[in-house]
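In the two complexes that follow, chain A is the common piece, with chain B as its partner first and chain C second.
Right after this comes the complex of A and B.
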């Protein structure tokens, strides 16, 4: 009897142990609701929704997750999917949404999308991301031709939205006077603007805007607008065009508090009406279509230098001033780049002189990174290296040259740097695979150098041809 | 001069901090081993750093500040001040209540923090509180740090939350979300050892209609009806031919819906019927079914193919993708009792889609198609008559 009781005892403990084991190892369900909502908020709504059948604990959780991420399935029959979205939205009871993301690439009636956006607005959404192509996304062309989606008017009276991101076949149509009282980040990517005043109206209706990004890929008509925002800290402008005609635009910028500026694309008229005293970083990548630069070449270089002059307070500058010869005209003088500490320069046959000009006007430069963007090219704009004292001498610590091919002017340039930079600590040269590391290293070591602590490194860059 | 300086610093209480650093330098800088030992000996004699722990507890805070933390199990740890202060909760305790400065007044941490997890959290804090690190370094550290089993990850999330260490909460939550993402419900249950405590009904109809949207209710009913019909069709392929009891009620539901009636209870009944009519899965028939679907010529006597003629033009993948949204939810693959296999589900879903689309388009035209397609299967006769009833209603 004792044995059997012992056996039953051990059985009991065994059972208890097993039960404990089962209970103990389900750790995730013991997390508080708020944490589970937080975890589910990182999943697309499709997956969060599916957790409803995991267990009793998980059944109601998805309905209170404060984010909704709806992405269509790119199927040719999206009608039943729209039903599903309605169902999801109807059952979702979180009182306020932190983020609502709608990505829609299938043919659809716009009133459905309109309804869903209304739903989000009614839930005091803070971040709204819309990417909508009503007629399906056309991948082969850069231009979307199809039905456009008109944003619901109630969007423009939303007081809670902090981040607004619009891209795709959407038409921007703000009412004449409105305010996005809380909007801090606005990103417009490849959308349609209708009459050009729309974007000025939109931007002027954002009193606390800090981050603006405007990307346009196809510009049909003259596009002029003002950016007059005193709180703006970050500005990103990208105007590219795949048409043979040059895009034309006039941009007037009043942003005294700007800290970060990025421009990419075809440069036309960009005027900064106020000095950018707080500018920390500027990135400028200029691309030009072959055809029209021939016509405008006289003004092109001028335009580039005008933009650069406006950016002269930057601490970090990354510049690719294009590869067209017309840049040979114009100069940076007389602006000085007093605060410039780091310069990333992408060099082409036609803009060596820009680099040299910058070196002259940046007495406090500490890091210089030069990237080469051409093959062995005979014609290039070269100018006699300035012998001015104080130029590069005291501050330059790091010098990187990517794409060194031992061409004559490159060698001259490297010699010049070594001769002038007294404080140079490291010089890193990246060569293409066809050259030999040791050979280049030997050549470089022969050059006279002013700095006693300079460390020269030669690396092979296998990504270059 | 050297000895004078040493003695002065030894007896001056305020100089204790610099001595700690200094004495090591002294000892090491002496060229002669003998002198080094002598100096070390003297320092050892007088330096409070070498004294007992009790005394050390008093003196050390002046040299390097430590915070005392007590976990729920009673054990006490001491942690460097800057590391501990990285946690908002500890920071608040120190500032507001002044605890943590000594062993007797250790800050008691919330219950969710056990010593092992505390160690992990402190490692995290120790790395991130250093200001000079680049974003890339921090990211690399985070990626390595987060590699651990799910049990520990859950504990860490819980502990970080109770200490209000938001960056760590975000990091661990994202990691858990990544683990959940892309898995089927069974896989998730297995990974996290979740109890499988939902009833069949709850799993198959998880989104009970709590909305008045008539389209959604209709869709539910269509689903149920289609499920049944597919099952029935499968049975026809089996050797055993059983008379299937057709569920008239689902058709009535649709009718009553059109007439504006309340169909909720009927919807429930449909489900129960479905449950009663369960059969085991027949997997060998899968491929047959699939092939049929793709034939798209409505020849093989399956009435529903008429409906599916247009459905089969779109790729299988797309359609199954289109409704993975709900089947994932509504059908539990691993469940033994479930008699619908994936192929049938896809078929079903395609049909429902198509059906739903047709509801939105012109009736008469579609009724023609449906009528023609369905006449071959005895069961569908009822369907046909339902359709004709629809037609007549529609053309009132």
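Right after this comes the complex of A and C.
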């Protein structure tokens, strides 16, 4: 490293003297090797390979770039591209790989993919990204049902991998005891887990894991797993399904160091066994297909409140609790959201009371952003609780309402905020094109407000029709 | 041990440093930004450890290999980066800042001459400015991606020193690598 920077200093003197010259002198080839490797590392391997023909200076450069990005060339006959990949790997001589990315969409003997992955492992690869579909068959729910690729066992003894990203028609089959000693970031997207608890085995073999993302689109039967990782700081769970029956799962989470939690999809049983004392941000987006709600609806509200209670230490919370009515038999109490500073809430006809519940338990809330979709019928509407001491009074300084249509309960809600928030500085209302900015502004300006310094702004929402 | 700074790690955002370019221009830069140039950081730390007492903001750090116009752009880019001591933003604020930064970056790259880009890359390399190198090298790579070999040679003034038969053989053998490029 020292040598190349000394080189670059002497080269730089020449370059700065020539900076006004039109490019007819080849300055780029005078850059030090390390810089050129860095530049080439941003290109897919195919393009980096092609630079060999620029001039003799460039010929060996691509072979020492510490990244490989191999993408299946679907147009060609698979067999000849396989040959090309072997050729490329044979010519590539960088002793260690920072990143190896393999994207494969056509029929191929697993043996070849195995060999290429071995190649990366032998080069002490740090970031491994595999997206593999051995053929393109999907069922009616758009779930991959083609041939699956089984990961080579040697992958599970890799001590150097720090980032592992698996997606597509891959079967996760970790041996019963193994360790990814360096793995910090793990991303699993739409892969198959084989028999149950493979994922628990995988996660428990990652002693320094900090960032985990699990995305599932095909939820088979009952699916349970544990996430027991004391170093985990970021967790992203996405469970969606397009099947006629709703998915059922049990997720047990032990992550006392968690700072960022994101959930998206269908909410079933998620249990946090330890308090999330370091939680900074939580984002929850809940979806439910129409057909599912008949039997499961009755506990829907309970599940949402249970999840919310576990997230009560968050500073920032973004919540869309879905279209279904969440009539809760429990509630958020006794949890308080003492640290909550910013709340983004997507309001629907069925969940205004969830918003109210949150506002009542978040005495330090500074920013409230409410989004609403247009064209919703009113069912559960805003209802003001007569006695809500301390709620919103001293901290709320910013209030945004996107989707304000001047409906009766919306007006009541806005009046409530203005009446309560002594420290309110700005209120920004976004209205649909059909309403008049001036009209709405006039109406809002007439409302009594506790804050003497509040600035009200009305904007048109240009993002929708 | 220095008798001017009380704290071992100066973290005050108002502390400034002066950088002197190859054409003798002086730039006053906030310490937080200047510290992103690791060469400057190293110089500053060496100065502090030396017998001569560090004079804080009156120390002028010479950069004989960087022209003023280039340094101005690098400083401007450094200012737009997320500061390491900033309070954790939530996701939305991060997204807004990212969009603003993207817009700024696009403006920066528009109409940039190849010579200017190479100047920025060389300077960022000399200054050991990791984020700058990442950005400008990526920009260069993006520019040559999907372009034909002839275009890249012309754009950077690279002289083709292959024998014609050598080049032809290579192109034939590795035809797959030269497929699918943009029209010049």
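Keep this in mind: the second predicted complex is superposed on the first by the 421 of 465 C-alpha atoms of A that agree within 3 Å, B and C clash if a C-alpha of one lies under 4 Å from a C-alpha of the other, contacts with A are read in each partner's own complex, and residues count from 1 in each chain.
FYI, a residue touches a chain if its C-beta (ideal position, glycine included) is under 8 Å from a C-beta of that chain, and two chains touch if they have at least 3 such contacts.
Fair warning: this is a prediction, and the values are worked out from it, not measured in the lab.
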Touched partner set for A:90, first chain B, second chain C, both or neither: first
Chain B versus chain C as contact partner of A:316, first or second or both or neither: second
First, second, both or neither for A:280, with chain B first and chain C second: second
Contacts of A:56 with chain B and chain C, given as first, second, both or neither: both
Which superposed partner A:342 touches (first chain B, second chain C, both, neither): second
Partner chain(s) touched by A:455 [first = chain B, second = chain C, both, neither]: neither
Which superposed partner A:28 touches (first chain B, second chain C, both, neither): both
Overlapping contact positions on chain A, where the chain C interface meets the chain B interface: 22, 25-29, 31-32, 35, 38-44, 46-47, 49-56, 58, 73, 76, 81, 84
Residue numbers on chain A that touch chain B, as the complex places them: 22, 25-32, 34-35, 38-44, 46-47, 49-59, 73-81, 83-84, 86-87, 90-91
Residue numbers on chain C that touch chain A, as the complex places them: 22, 64-67, 70, 88, 90-92, 113-116, 118-119, 121-123, 125-126, 128, 133, 137-138, 140-142, 144-146, 149, 152-153, 155-162, 167, 170-171, 174, 176-178
Contacting residues of chain B [partner chain A, same complex]: 150-151, 154-155, 157-158, 161, 169, 173-174, 176-178, 180-182, 185, 188-189, 192-198, 202-203, 206-207, 210-211, 213, 215-216, 219, 314, 318-319, 321-326, 328-330, 332, 349, 352-354, 356-357, 360
Touch list for chain A against partner chain C, complex: 5, 8-9, 11-13, 15-16, 18-29, 31-32, 35, 38-44, 46-47, 49-56, 58, 73, 76, 81, 84, 280-281, 283, 315-316, 318, 342, 344, 369
